[in-house]
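These notes open a run of structures that come right after.
Here come two complexes built around subunit A, the first alongside subunit B, the second alongside subunit C.
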Partner chain A sequence: MKIKQDGQRMSISHIPELSAVNSTSFRDEVQAAIPPSMNTLDIDLSQTLFVDSSGLGALFSLYKNTGSGNGVKLRLLNPAPQVQQLLELTQMHQFFEITRD
Partner chain B sequence: MKTLLICPAHRPAVARLAKACPLVLVPILGKCLVEYWLEYLVLRGDHEVRIIAIDRAEQVRALVGDGSRWGMRVEVIAEVNESDPVEIRAHRDGHPVSPATPPAPDDVVLMDHLPGLSGFPLFDSYEAWFHALQAWIPQACTPDRIGRREISPGIFVGLHSRISPAAQLNAPCWIGDNVFVGPDAVIGPGAILEDRAFIECGAHITRSVVGPETFVGELTLIDQSLASGNLLINWKNRSCLDVPDEFLLCSLGVRQPPPRARSWVRSPLMSLRELIPSQQE
Partner chain C sequence: MDAPTIHTDGGAAHRIAFGCNPAESRAASRALRAFLAEHLLDEAELFACELCLAEACNNAVQYADERFRNEPIVAEAVCTSSQVELRVTDHTQGFDFPKNPSVPPPDSERGRGIFIIHSMMDGVRYLRSENHNTLVMWKRRSHHLHRPSNQPSSESPDDLRRQLEDFKRTIGAMARELCFRSESLAAIFRCGTELGRAGDLEGFAQRLLGDLLHLTSTDWFVLRLIPPRDLQLTVFAASDPELMGEPLRLGTTNPSPASAELAAAATRTAVPYTARHARLPSEPLRAAGPRAGGLVHPVLFGETLVGTLAVGRRENAGPFSELQAEVIRTFAEFLAIQIVNLRHQEEQIGARLITRELEIARSIQKASFPRSLPQLGNFSLAGRWESARQVAGDFYDAMPLGDHSLLLVVADVMGKGVPAAMFATITRALIRAMAPHHHQPADLLMRLNALLYEELSAVDMFITIQLVCIDLQWRHVVAASAGHCPVLLVSGDGNPVRTLGPTGTPLGIQPDPIYDQECATLPDPACLMIYTDGLTEAFNPAGEMFGRNRLGEWLRERVRFPCAAEQLCEGLASELDRFREGTPLRDDQTFLILADKCPTSVAHPQHPSLAGWHSSTESPSVTHNETVSPLTK
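Right after this comes the complex of A and B.
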C-alpha cells in the first residue's frame, strides 16, 4: 500500500485486497497518516481485486471518522467492476463518491 | 410426428449460467427450457420427440426420462457437436421423409429461445437472457401450475410463498413457490424470484432474477443482475462476482450433512470390526 500526500489531498493506492486479513491494518495505517489539515482522501481501488465485508467495514470506518461531519471528501477511484458490484449490493455506493477516469 | 430438439452447446456469452447444469436445464420461472418445449410440442399434438444433447446429456436424460410424464415418447441422444437445423433438414430431404414429420421450421428446433418467443434469443448475452425471461412472465402462468395466482395485475405468486404485508411488490414481478419475502423488502419492477428463494427484510430487488434456493441478505440491493447462490452477474455490464460473505448472498441448497450420531450399540461393534484383521490380509 502506498500513501501519498499532496497539499490538502491524500492518496492511497496499490491495495491488492481489502479483506479480513488486512482490513484492520489498512484502516489503522490510513487513520494514522491522515494530517489534520486534509480536505480530500482518495482511495485508488483500481488494483484491488478482492473486497469482502471486512474491507467494506474498513472503508466505512474511514468514511465515518474522516468523511462525514469532518468536512473531508472521501473518494473511491476506479473500482473494478466486481468491487463496484459489492458496493452496490451493500448499498455502500450511496455513501462514497465513486470516480472513474 | 417426430420432432427434433437440439440442445445448445457451449455459449460463451452466458457461460456462467451453465456452470451447474446444461443451459436447457437452467431454471426459468420454476421450470426449465426443455420442459417448456416438451409441453409446447405435446399441446401441438406431437407424440415422438428426439432430443440431441451435447452438454451433459445424462442430466437431460435424467430429467425427461422416456417422456411418459408428458404422455409422449422422448429419446435423448448424446452428440459431440451442435447440429445446425438447416443441415439436418437438408440431410433429411435426401431421404424419404415420413408424412407424419412436421414441416419446417417446427420439425427441427434449436432450443435457443422459449416457444413462441423467437424474437428473444436466450443465449446471446446475460441481458438477452433477462429480457427473454421478462417476456415469458405472462405466458408462464399456465393452468398446470397449481396454486399460482396473479394477486394484482402483473404480480404472480406461487404456492406456499410467504410475503410480509410490509413488503412492497411492484409489477411486473414473478414470485415462485415456497419463497419468503421479509418486511420492507421491495420486489420489482422486473423482478423474478425463483422457487425457494429467501429474501431478507429491507432487500431491494429490481430488474433482476434471483435463482432457486438463494438467500438475499438484509438491506441488500440487487439491480440489473442475475443472482444464483453466491454468484452475482450484472447483466448490463457482464461483470461477475462470487460474493464472499454468506450473509449478503448465498445458496441455501448446498448444505453439509450433519455429523451422524454415533449409536451406543453400533460404535463398539464398529470398533471391534476395525480391530479384527480382514481375511484377505
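Right after this comes the complex of A and C.
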C-alpha cells in the first residue's frame, strides 16, 4: 500500500485487497496519515482484486471519521467491476464518489 | 490445512480444513477460488464464490465457541458442470439465518456478510447441529464453456443437449479431417520417396492417384499431360483402360470447350464433371459411365498448364465436399511439381548425352582428317575444315598414287553426330585401301558404293564425294563425283573459272550406279579447289548465300598473283568469316586447294621433285614405281 500526500489531498494506492486480514490495519494506517487540513482523499482501487464486508466496513469508517459533515471529498478510483457491483449491492456507493479514468 | 481434491459423480470437490484465525480463513477462501478457477468459472462467479466463502469463514472464525477454538473449520467446494456448492462448517453457537435479509445499515458488520451471501448465491441453507453448523451455498454456473460473462445463460436442458451434440459432431469432423490430411500427406510422401528412387513418372502417378481415389472415395481418374513442345492433352495415366481416350487438341479461342477437361484447361479452374457433359458426344469422360460425376482440376505449375486431372465416381453422389476438392487440388499441385521436375531432369540428362555424343563424334571426325598433307615439289596443297556446331561427316584427304600422281578427296556424309563421323572414317579408310588399285576415280566410286551401299541405305544415310586424280608431271586432271559440288579450276591468266562437274549419284542411293569422269589440263599457273556445299551455302546476316560465283571470283582475283595453297586457304577462311559476320554455320565448311608454288615461266614443266612426297605421319609409303599413263576418260 502506498500513501501519498500532496497539499490538502491524500492518495492511497497499491491496495491488493481489503479483507478481514488487512482491513483494520488499512483503516488505522490511513487515518493516522490524514493531515489536519485535508480536503480530498483518493483511494485507488484499480489494483484491489478482493473486498469483503470487513473491507467495506473499513471504507465506511474512513467516511465516518473524515468525510461526513466536514466537507472532505472521498473518492474511490477505478474499482474492478465486481468490486463496484459489491459497493452498489451494499449501497456503500452513496458515501463515496466513484471515479473512472 | 489439508486440501484434497475429490472427484465425485459428475464433478470435483476440494476440501480445506483450517485453524481458527483470519489469516488461515482468508487462505482457505483464496485456495478454493483457485480450485474453482481450474474448473473454468468466469471472473464474476469466482469473485462471488470467493467473497461468500470469505464471509462464511470469517463468521466461523469470529464467532467460534471458545470450547472448540482448536477444532478446525472446514470449507469445501463441489463443482459440477452446472453448479457450484460451497460448504463451511463452523463451531459457533449458531444463529437463525434470515430468509430475506435487507440491506443492513452501513455500520453493521455482521448483517452485511449475511446479506452479501444471500444476494450473491442462488440458494443458501444453514444446517445446525449440536457442536457444529454447516452453511451450504449454491450457485448455478451461467455457462459451461468459454463464453463472455455478460451473456446470461438461458438455455434449457434440451438446448444444452443439442449444443453438446453439435460440439461432438464438430470434434468428430475435426478428427476425421485431421486423419484425412495426415493420410493425404502420408500418400504424398510415400510416393515422393518412391519417385526419388525410381524416377518412373507413370508408375508414380498411378500409385499416387490410386491413393487419391482411396482418400476421396472415388473410383476413377484420368491424368492428361501436355507433352513438351506440344499443344494437346494426352492421357498419361488412367484408372481404367476405357478411359485412355484420344488426345484433346488445346483450342485457343473455342468459347465452349468440347469436354470438361478442355474447359478446365482453358479456364485454369476446377470444372465439375456432370451428366450435362456426359451427353456431349465429344466428351471422353463419358467412358466413366452414364451416371458418373466428378471434378476436373487443371494441373498447373505456377501459371503454366501441365495437364488436367479428372477424378470421379461412376455413380454420381453429388458434388465433392470442400475438403475433398482441396485434397484433389493438393494432389494436382504436387503432381505438377513432380512432372516438371522430372521433365527437367530428363532434359538435362538428354542434353548431357547429346554433349557427350558430340564430343565423341568430333574426336572421331578429327581423326579422319590427315594430320599433314603430302608435300609436292612445285605444288602446294592445303585443306581447311570449319566445323558447324552440330558435327557432320565432312572430311578431306590427299594421297599419292605413284611417283607423280595424287588423289584428292573431299566428302560430305549426310547425317549428324556419331554415325556420320563413323561413316566418314570408314569411307576414308576404304579409299586409302583401294586407291592404289583403282586409279580411275569413277572406278573407285563404283567400288566404294558397292561396299557401302547396304550399310548406308540401312540407316538412310548417303555420302557425296569428289575424287580428283592429278598427274603432276603432265598437269593432267581427272575428276569423278558422287553427287558432290564441282571442282573449281582457276588459271592465273584471268580467264574465267572452269568447273569440272561430272554428274553422279551419291554413295548409298543406288546399288549399281554408273559414274562419269571429266578430264582437264591444269593451266600454268593454276589453282584447283574441291569443297563442300557448306562453304557456298554459308549465309550472311542479310540472308544472302556466299554462292559459287562469289567463290570463283574471289579465287580468280587471288590466283592472278602467285600464291601458295596455304595462303589461299587462310585468305578464303577470312573472307568467309567476313561474309558471315557472325552468322552461325549451318554446316561444316571443308575445302582443299592445290596451287602452283610460284609462277612457272618455263614453258615445259620440270618433273616435280618427289622429295617431299611422303608425309611423315599419314601417307603410306609409295614403294613401287608404277608409270602412270595420263589418265583419260
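Heads up, the rule we're going with is that the second predicted complex is superposed on the first by the 101 of 101 C-alpha atoms of A that agree within 3 Å, B and C clash if a C-alpha of one lies under 4 Å from a C-alpha of the other, contacts with A are read in each partner's own complex, and residues count from 1 in each chain.
Going forward, a residue touches a chain if its C-beta (ideal position, glycine included) is under 8 Å from a C-beta of that chain, and two chains touch if they have at least 3 such contacts.
Every value quoted in this text rests on a predicted model; they were computed, and no experiment measured them.
Enquirer: Let's test your reading of the overlay: on subunit A, do subunit B and subunit C clash or fit side by side?
Expert: The answer is clash.
Enquirer: Between subunit B (first) and subunit C (second), which does A:Val21 come into contact with in this model arrangement: first, second, both, or neither?
Expert: A:Val21 sits against subunit C, while subunit B stays out of touch.
Enquirer: Check the contacts made with subunit A and report whether subunit B or subunit C touches more of its residues.
Expert: Looking at subunit A, the partner in contact with more of its residues is C.
Enquirer: Considering only touches as defined above, state whether A:Met1 meets subunit B (first), subunit C (second), both or neither.
Expert: Once the two structures are laid over each other on A, A:Met1 reaches no partner at all.
Enquirer: Let me test your reading of the model: by the given contact rule, A:Asp52 touches which partner, first (subunit B), second (subunit C), both or neither?
Expert: So A:Asp52 meets both subunit B and subunit C here.
Enquirer: Which partner does A:Gln84 reach: the first (subunit B), the second (subunit C), both, or neither?
Expert: First partner only, subunit B.
Enquirer: Among 20-28, 164-172 or 380-388, which stretch of subunit C shows C-alpha clashes with subunit B in the combined arrangement?
Expert: Answer for the clashing stretch of subunit C: 164-172.
Enquirer: After overlaying the two complexes on chain A, where does the subunit B footprint on subunit A coincide with the subunit C footprint?
Expert: Residues 19, 50, 52-53, 81-82, 85-86, 89-91 of subunit A touch both subunit B and subunit C.
Enquirer: Write out the stretch or stretches of subunit C touching subunit A in their complex.
Expert: 22-23, 25-26, 43-44, 47-48, 50-51, 54-55, 58, 61-62, 103-104, 106-107, 109, 112-113, 115-116, 119-120
Enquirer: Using the touch definition up top, name the residues of subunit A that touch subunit C in the complex.
Expert: 19-21, 50-54, 56-57, 60-61, 64, 81-82, 85-86, 89-92, 95
Enquirer: Of all residues in subunit A, which touch subunit B in the complex?
Expert: 19, 50, 52-53, 81-82, 84-86, 88-91
Enquirer: Mind pulling up the subunit B residues that touch subunit A in the complex?
Expert: Listed in rising order, the residues of subunit B that touch subunit A are 219-223, 225, 232, 234, 237, 239-241, 243-245, 247-249.
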